[in-house]
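Next come two complexes built around chain A: one with chain B, the other with chain C.
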Partner chain A sequence: MFKRSHLPALISLILLVLLGTLPIYGSTYAVILLTAIIMYIVLTVSWAMFSGPTGYISLAPAAFFGVGIYTMAILGGQLPVLAVVIIGGFISFLLALLVGITTLRLRGVYFAIFTFGLVVLIKELLLFWEITVTGTRGRFVVLESNTTIYYVMFGIFVVLMLVAYFIRRSRYGLALQSIGENEEAAAHAGINVTMVKVITFATSAIFMGATGAIMATRWTYVDPYVAFNPIFSFLPVLMALFGGMRRLYGPVIGAAIFAYAEELLLTRFPYYYMLTFGLILVLVILYLPNGLVGLAPKIWKWSSGAQGADTRR
Partner chain B sequence: MPILEGEKVTKYFGGLAALVNVDFYVEQREIVGLIGPNGAGKTTLFNLISGALMPNSGVIRFRGREITGLRPHQICRQGIARTFQSVKIFPNMSVLDNVRVGSFFGAAGERSFQKAMERAKEALEFVGLAKLASAQAGELTLANQKRLEVARALATEPEVLLLDELMAGLNPTEVGETMRLVTTLRERGITIFMIEHVMKAIMSICDRILVLHHGEKVAEGTPQEIASNEKVIEIYLGE
Partner chain C sequence: MTVTILNIVIGGLLMGGIYALIAMGLSLQYGVARVLNIAHGEFIMLGAFITWALYSAFGINPLLSLVIGGPLMFVFGFLLHRTLFTRLRVSSPSPSAYEGNSMLAAFGLLFIVQNIALAIWGGDMRGYAYLHFGINFLGVAFAANRLLALGLAVTTGAVFYLFLARTRLGKAIRAAAQDSTTAALMGVNINLVLALCFGLGALMAGLAGLLISMCYPIYATMGFEYTVIALIVVVLGGLGSIPGSFIGGFVLGLIGSIVSSWQPALAMAAYYVLFMLLLLLRPTGIMGK
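Coming up: the complex of A and B.
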């Protein structure tokens, strides 16, 4: 029997099959475009996995992304691509563990600034290393085919969605949420708050690192400025806000629309691109505090009539 | 052997002595009251027991085992739960989810979803919030939010419950209901250590009362003894 509750699962399955077979029927352009979109989705969903429920705004994605890029720049060509991608994720995981243990006691703006400082710190350290030790700046990256990049990116996406789904459904999802709502009360209800925060933060970094590693193979040449570009810290935050973080698919939709809009605006209206972006963001933050997914209940309310619209007593 | 005891518990905030050499004990299934003027160090003592703060010196024991310096989640999992003076619920979560946090992570450490759910529902039933299980916690009245904190603490399956001004801000009817709730908690086998300003409540339900003043224990005894203790009268009515 088909029930209405099966609908999201069915739609997800169809989308997965369509996306998973894209290189077979899609154009090269479609493959490249979808790779970029999925990259943004992965960065955004993995960011929202930790920062969404806990309210700790991390600006570290660019650091983990960059670590992945440099892992590929150094190891690419020496090991199979997939191995390098996994190593990139693993190094990011270790880095995030270290950062998490030392900084997750910081709250609010201090945590945000520290994580952003991490991006700058690693970039400067790498520059220093390249100038004084290796005597070169930047590195060439071994290229991979568009199809390989796409499949690896898609694989990371599927694993991430499964992990994010199961965290949300498990008792750890509840723990993360309660930490965001009142950390002291969460600790006194038996939650090892430090452990839950650090592990989730580090898990989210795996996906950012892996994404950096595979995306590096598209860029031929990377240097610390390219690899640790702070825009990769800000975009996931914006995309997650845009989509809304109350549901798992919020950041997915936010990132997908945002990334596609970027492509569209950049190619059609290069001069108004940033302006339009800024406008959309301001409007969303002002009028849609729960993001795009917050729109659905509003539309539902309008369409079902005004009476009984206020369900709260 | 008392279920909970402290020896020469001392806590300084900078140069300010919040608690100095305080000895206390709570016997199993007792209801012990902790009173004293504002700033006497009552909540500080609870924070030291529950692991929110570390004492500068002194020892706290639970069932004979030292728990000084353990972190809040460890203390909770040992079997000491608490409520807060200013309610600390999870406002944007449902009432049921608030309590499920306790049943998942507390001393019970329930891993099965179904059992955690049952335990949470049972705790809500106990405090009289079963009908509001799906409501958003932040929308409850203050009295109900305080009950919710009790339910969450209860779901962790504590042996000792620290209640920090459970009745403050409640109207007389609600105070009466809360007093009944506290006595039924004891009937359940739970030991109660409670800070309270509502004298009527403390005098009628406590077996024993501890009085703190300026961080020191100044009196200890049955409600009758405390009510006629000259030092206590002096503290409360002024020199």
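Coming up: the complex of A and C.
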């Protein structure tokens, strides 16, 4: 009746129900903490959706996240929250489409630098605009209740996981994988390489923009430095690398662990938190190329070879 | 009018000297050793803080502190390449995977160095006065320390050019820049040469930091801006071309000076626009083939 292959689905379902009903039984602190954790999970999973299989390192998440934040800062209070979140995602989508079409022919690190330059360029131009034209530096954002923010964030998370799951399982995911392995061969096999890359890149940006829009309502005040903070480009990369990108749940685990650690450490030891962040990044790249997810089979293999200790043979 | 133009041009050249120096350092690390060292600016910051610390604590002349800071930076860079980056180079499946991995490792390095500096020195601006008087030139006054910085940057560039063009080791470096695998087959000790390049890059960053600390206020998070500038100049001058980086530095200094004279807040944005246009239209740079 019950097969072992049903286990992951069952666990996911229980987790979803537990998370979905959290505001009913959980404390306010738990709701706020999980909002932050889910935010990082969404940023990380959507980053890994494009960069994981293709190997193109995008440092643009902060740009899409910031676009979402500013959408909320400008439209919040005038339209329903959910509408602004969707608009935030859509504007990010359009921006990503534009960036993707112009830059996805750049190979390797050039793409990474370009996407990073985009974050800083938007920040500098926005700052210039706000100071010279609007006459202010920051903006106030209309507040929402913690429960609303949580539910919207949770909704984004569920949609993202479904999209990421189906992309992985479809021939579309296979196409992405083959681009990562050998782009020229993929093109020769009949894959419209540019379109697959651009569409996936833009799709991943929707979730980053939507996340930025809803998170803005928690921060009450935003300025270009807060909204386009490059750290939101680096954290998803580190979290995804740390968790491992071979499996869908790798980035989820990586993001959850890091987000919780940040909550515990960042306010108390800001410099040492960032220092540890850098150390872990270097160590993961050196010793854990497949992340935590890649570690499990290694340990399994190592421990299952233990009968070799039997000296009688 | 002529005074304004002269002011802009000479101001640009003075800035360009420092840009040229940091770009040559990054060109050695990225163009030759293939490490896109995002932490380059942190080496500049370290050089600046070493100079400042020696001056304010022991009253050591900033120019003399090069003798202490220079070798320190070189050894730091050399050892980093021998341990971290050589290991990555061997374990990476392809050259492009190595570029990606080493860039991410350099990001980690950036966070490590910057936060150690923040923990030691805090986030405040620091500075000291050295050769802080004006020199008149065709009716325009320039700070003596900035002229000295330009002179030292040009001298370093010239000496390094001769080293590359005229010595055996320089030839090995040029060969490694063209094709490291073939260079290794021709008997160049490639791991040593690449580590040397990385160390020399760190040394130039340290020297640039020293010059910057003489002219401008310094702070622990100052590095990244210079990394970006170095990156733009390296792309502008053509990847792997050291003379290109040198000339590109002065070109960017002039552009920055022109934009600043019109709208100072937009100088950084102008650099990025130029950079993005370059990447899209002419990724081989002005001196590239």
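We adopt the following convention: the second predicted complex is superposed on the first by the 291 of 313 C-alpha atoms of A that agree within 3 Å, B and C clash if a C-alpha of one lies under 4 Å from a C-alpha of the other, contacts with A are read in each partner's own complex, and residues count from 1 in each chain.
As a working rule, a contact is a pair of C-beta atoms (placed from the backbone, for glycine too) under 8 Å apart; a residue touches a chain by one contact, two chains touch by 3 or more.
Nothing here was measured: the structure is a model prediction, and the numbers come from that model.
Put chain B and chain C next to each other and count what each touches on chain A; the higher total goes to C.
Of the two partner chains placed by superposition, only chain C is touched by A:Ile57; chain B is not. Once the two complexes are overlaid on the shared chain, A:Met274 sits against chain C while remaining clear of chain B.
When both complexes are overlaid on chain A, the residue A:Tyr29 reaches neither chain B nor chain C. With both structures placed on the common chain, the touch criterion links A:Arg171 to chain B but leaves chain C unconnected. In the superposition on chain A, contact is made by A:His188 with chain B only, not with chain C.
Across the interface of their complex, chain C is touched by residues 55, 57, 102-103, 106-110, 112-114, 117-118, 120-121, 124-125, 127-128, 131-132, 234, 237, 241, 271-272, 274-275, 277-282, 285-286, 289 of chain A.
Residue ranges on chain C touching chain A, taken from their complex, read 36, 84, 87-88, 91, 96-97, 99-101, 103-105, 107-112, 114-116, 118-119, 228, 231, 265-266, 268-269, 272-273, 275-276, 279-280, 283. Of all the residues in chain A, the ones that touch chain B in their complex are 171, 174-175, 177-178, 181-182, 184-193, 312.
Taken together, the chain B residues at the contact with chain A in this complex read 50-52, 71-73, 76-77, 81-82, 84, 88-93, 97-98, 100-102, 104-107, 109, 111, 113, 116, 139, 152-153, 156.
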